[in-house]
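Each of the next two complexes has chain A plus one other chain: chain B in the first, chain C in the second.
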Partner chain A sequence: METDAMGTGRTAELPLPVGRSVPRSALSDAQLVPLLKAADEAAYEELLRRYETKIFSLARGLTRNDTDAQDVLQEACLSVFKHIKSFKGQSSLSTWIYRITANAALMRLRGRKKDERSVPIDDYLPQFDDTGHRVAALPDWHPAVDEMLLNKELGGLLRRWISELEPDYRLVFVMRDQEGLSNEEVAAALNLSVPAVKSRLHRARLYLRERAKRYVYGGGGD
Partner chain B sequence: MLDCKHVVDELSNYLDDEVAAALRQEIGAHLGECRTCRALYDSTRRILRIVTDSRSFDIPEEVSERIVQRLMKKIEP
Partner chain C sequence: MQSCREVIDLLTEYLEGGLAAEGRRAFDAHMALCPACLEFLESVRKTRAAVSELRSSDLPAEMHRNLRDFLKRNLRAKAKNGRAARRAPRKRSRPS
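Coming up: the complex of A and B.
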């Protein structure tokens, strides 16, 4: 049984004698669950300590602005409180929280009139002929790209390009490469298979690299 | 030897160290000879490092406090 403090393992409820004197910070996620169900104030404080930044960071990456991210954070925290009694421990607590966060962020994205800044990912994926050779309008690489990768401006550009990914790809990329979840955790949180997660992640990575290339060739006008 | 398409298809798995040893060796050999694929691999790896290093956003303190207050209010009997 996994009992790591950040709850990356399964969260079967553990019948530990948890009294008021036990610091909540010493408990695993699985051990916090029964206390959360019992509306234990200290357990909620600990939950926020562990997950508040992660939820906000994920929400910010997905929704692309601070106000929406703050709203998603608030919705996710209240949703945990509202639904914790029906949490069965079939996934880890962290996976469950990420799923709630992703759903809240997606609802917000769908509520927008049009996700007009998303770009079709297929336009940025490498093309090959029948013999496996590249078909590219631009040479595949340029020394200036290396230079740009060492330049601070790239961080801001990458954030913009990530924000322009189609939501299905953005979700996977942000959870996996930005927030550092495993393929399995992302799959569980988004109800996807692991191969589907890997495929979306791969395409999102190639898209980002292609954006960097076109940015350089376009003289910064992309 | 693997063609470029095969290498590009496996790029993410290779970056994540999720390819079998034999395939890893073949991809490594291709990257040693194909400058274009090598550039793709190196640059993608660097991009991902930058993304990983900039992962967290700070929560404004007042937002954090507001959430704690709302939660505690709900918890109170």
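Coming up: the complex of A and C.
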């Protein structure tokens, strides 16, 4: 499928768009692309420096498992390597990388055992009566929930609740609220409209808030 | 005045700065009069703040090294035959 455009078979001797002496760290993502296409080692090192932790963090949020996250990271790097030649620059390099990472994580999730199922998000969304007032079985919030959220040792709980979100919600939520991408970036990476991103984000946020609350009240069985 | 349901439906839009001035005013007006919704809004804010702490700021050292080895292996293979190496490390003769 891939053909060597220059026909030399010796990528090391391809003319580079910028000289060897230019530090790759001084280049923008867009400027790195032609170098990546030319298999420039320093450009790849710079790419890793910029993205390896971000990819890993995102993968960890999506898979909740360090081993899987490492596999996803390696998978994503291989994909970048294999497909950079067909990268047309219609999206930014970062968007493209996030998309690749999300796809690699989804592939991995699909291979999972059935007992790692997600929970129905609707069970955790607020209920309203006919007059538009919220009906809550439990008191709505409690200072103990705040304390729980501030306790960093309980990050594992948050991770578990997030991992029990349905993948469609989890992708959006982790990218936006954990990794801090913009709604536009998430939309571009996942091929969604911005309103669709916001709508999933909204439900996922309400879900997580409710999980935290029920945990403190001990009413959620978790 | 908007109902609590309408306000909560708009909560993310509000937090994302997506409400126009008029919508924002109506939202704020509801919050000023409805402690339950205000508490709800604050609780969503706090949950979000906790989630942003989950971001990893470093990579296991071994993974960091593996990725660079992997990269070098691929670049070398590519220079040789123009193809990306598979994930499994290839057998290669080592200098003795």
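Observations on the structure shown:
One rule holds in what follows: the second predicted complex is superposed on the first by the 191 of 222 C-alpha atoms of A that agree within 3 Å, B and C clash if a C-alpha of one lies under 4 Å from a C-alpha of the other, contacts with A are read in each partner's own complex, and residues count from 1 in each chain.
One rule holds for everything that comes next: a residue touches a chain if its C-beta (ideal position, glycine included) is under 8 Å from a C-beta of that chain, and two chains touch if they have at least 3 such contacts.
On a predicted model such as this, the values are computed, not experimentally measured, just so you know.
Once chain A of one complex is fitted onto chain A of the other, the partner contacts of A:Ala189 are absent, as it touches neither chain B nor chain C.
Residue contacts after overlaying the shared chain place A:Asp177 against chain B and chain C alike.
Chain A uses residues 39, 41, 44-45, 48, 52-53, 56-57, 60-61, 66, 70, 73-74, 77-78, 81, 126, 128, 131-134, 140-141, 145-146, 149, 155, 158-159, 162, 177-180, 198, 201-202, 205-206, 208-209, 212-213 to touch chain B in one structure and chain C in the other.
By the touch rule above, chain A contacts chain C in their complex via residues 2-4, 9-12, 39, 41, 44-45, 48, 52-53, 56-57, 60-61, 66, 70, 73-75, 77-78, 81-82, 126, 128, 131-134, 140-141, 145-146, 149-150, 152, 155, 158-159, 162, 173, 177-180, 183, 198, 201-202, 205-206, 208-209, 212-213. Contact residues of chain C toward chain A in the complex are 3-6, 8-9, 11-13, 16, 18, 36, 39-40, 42-44, 46-60, 63-64, 66-68, 70-72, 74-75, 78-79, 81-84, 87.
Chain A makes touch with chain B in their complex at residues 39, 41, 44-45, 48, 52-53, 56-57, 60-61, 66, 69-70, 73-74, 77-78, 81, 126, 128, 131-134, 140-141, 145-146, 149, 154-155, 158-159, 162, 177-180, 198, 201-202, 205-206, 208-209, 212-213.
The residues of chain B lying in touch with chain A in their complex are 3-6, 8-9, 11-13, 15, 35-36, 39-40, 43-44, 46-48, 50-52, 54-60, 63-64, 66-68, 70-72, 74-75.
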